[in-house]
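One structure coming up, written as structure tokens, with questions to follow.
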């Protein structure tokens, strides 16, 4: 669907998508920190698609399970119980990603 | 006002305030990262009082000006132009904090 | 300002304002419960003007201080720390209303 | 998923979950009123999982159908037409709960 | 479900539904403009059911594909990347509506 | 404050500000329609600074008083009573802008 939208000829949307990717690139803050920022923002704004995306990126960047839960705890405190269904989604996705990584690793031995 | 609320005898609110403080203590993630998470969450949810609090804490934790703007950029991209008045507030507070620090340092020479 | 808006000739807005008043009138639920519902909704959506209005109405309806804090605790748990500045405002307004009532009573003796 | 999250070892999240349950226990306000507060907060913040939970609890606490619709009307007025899909969900869940109760009762005769 | 809700006997909800329809009728602003307003409001508040409804109405009112993307761009800029999943939904629905129209037209030749 | 932010050297924020301006330029939709879209989005997201900005622009683009109230009515229906303080602000700003225009015109006679 993203390619459909980008092919629409609307320059504003196209450029926004570019800015969106660039916002998480390495700068004064590292990618890991930025992905955690994206994750917490997504949880408090309660967007499941965005959560899934940032969880995958966080796992790729090597966020530990404890670090992950601490970030979710900040989101839970700031955003309240209304974020709980989204925190469940985040943990589910994280477990799924780690499981996949483990399988890949064990198949490489 | 916080002490007024804490003296109300409502245990739930009292305990929530304690959890709120603990969420930003050092753990698997350092305090600096957690304060940045709190800042971005506050900007996308557009709470000026919370922004002021986390900006002060970020400056105390040594977040660089570039790191600061990168975090605000993530908030701006995720939350949209509706966050701009709050980003202005965050920058204003940061400038004010740094100015104060500079004065303190120069008076110590 | 409300009378300015109602005099604009826009029927939709006028009728909405009427529905807004009627929503808090006595029905299967009493006025006190409905004002508490309005208060909690206003706190989690973080609207200070609405909070002030419903706090005044809650005090008029005889909500006790403990009942008041329990309702605010539900709002705090559901809406998170982002509601804290609004909870402060609610308590401040409640204290102000009760103070006023006490003065009125003591001047009547 | 809740037990998975609670077993993560993150104390903050664990304690928040405890506060969440306690917020709806009997105090100066009764459980029925508190569940109605939770329901209205969930509708205006538009969280379907939370709505389902509080509707079930409201039915268990004996909220009448009229009382139920009056609470939803407050949420609709405060939160606007954007809450309509969630109000549909709430009514659907309520009908489902009542239907189940009726079946249970008639099977006991 | 709407007819179930309207048959509940709650006058407030019934009247709100009437106001909701009337808000998009022709007045000083034409229906097309009002449906675009409804669409952008639905995207920034991130309500998929509302988006689907307003997209269908926009297509019926003859909003061009370019006009459509420009309205979505305003929503994206105001509401940020958190609206992207909803913008995808809007484009998907628009494509679906136009496809249907084309089929109807070609079957009439 | 905007010039302070733009001088920070953060390219992402700078480019976002550019996209923000471009989103309201004439395209398939005219400027007037786009400013109305910006106004309604700002009201339902409840941002007073954004409302002030778009009201001024709407008056400059010749939105009639009736058209203005119809757009606000859409925002009120979609966003609910929680938007009322912001609708008051919008009307106040509109009255102020029109008053200013009238004075300018009468001084030119």
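Residue numbering begins at 1 within each chain, and the chains themselves are lettered A, B, C, D, E and F in the order written.
The working rule: a residue touches a chain if its C-beta (ideal position, glycine included) is under 8 Å from a C-beta of that chain, and two chains touch if they have at least 3 such contacts.
Since we're looking at a predicted model, the values are computed, not measured.
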item	value
Homomeric contact chain A-chain B: same or different residue positions, threshold half	same
From chain F, the most remote chain by mean C-alpha position	D
Whole-Å separation of chain centres (CA-atom averages), chain B against chain D	33
Chain centre separation in whole Å, for chain F relative to chain E (CA means)	22
Chain A-chain E separation of Cα centroids, rounded to whole Å	29
Overlap residues in chain A, where contacts from two or more other chains coincide	12, 16, 19-20, 23, 41-42, 44-45, 50, 66, 70, 73, 76-79, 81-82
Overall pattern in which the protein chains touch one another (line/ring/star/complete/other)	complete
For the chain E and chain F complex, residues of the former touching the latter	19-20, 23-24, 27-29, 33-34, 36-38, 40-42, 44-45, 50, 64, 66-67, 70-71, 73-75, 77-79
Interface residues, chain B side, partner chain D - complex	11-12, 15-16, 19, 22-23
Residues on chain D engaged by chain A in the complex (per definition of touch)	1-2, 4-5, 8-10, 12-13, 16, 20, 41-42, 45, 47-50
Chain D residues touching chain F - in the complex, by the definition given at the top	44, 76-83
Chain E residues within the chain A interface of the complex	46, 65-66, 69-70, 72-73, 76-77, 81-82, 84-85, 87-88, 91-92, 95
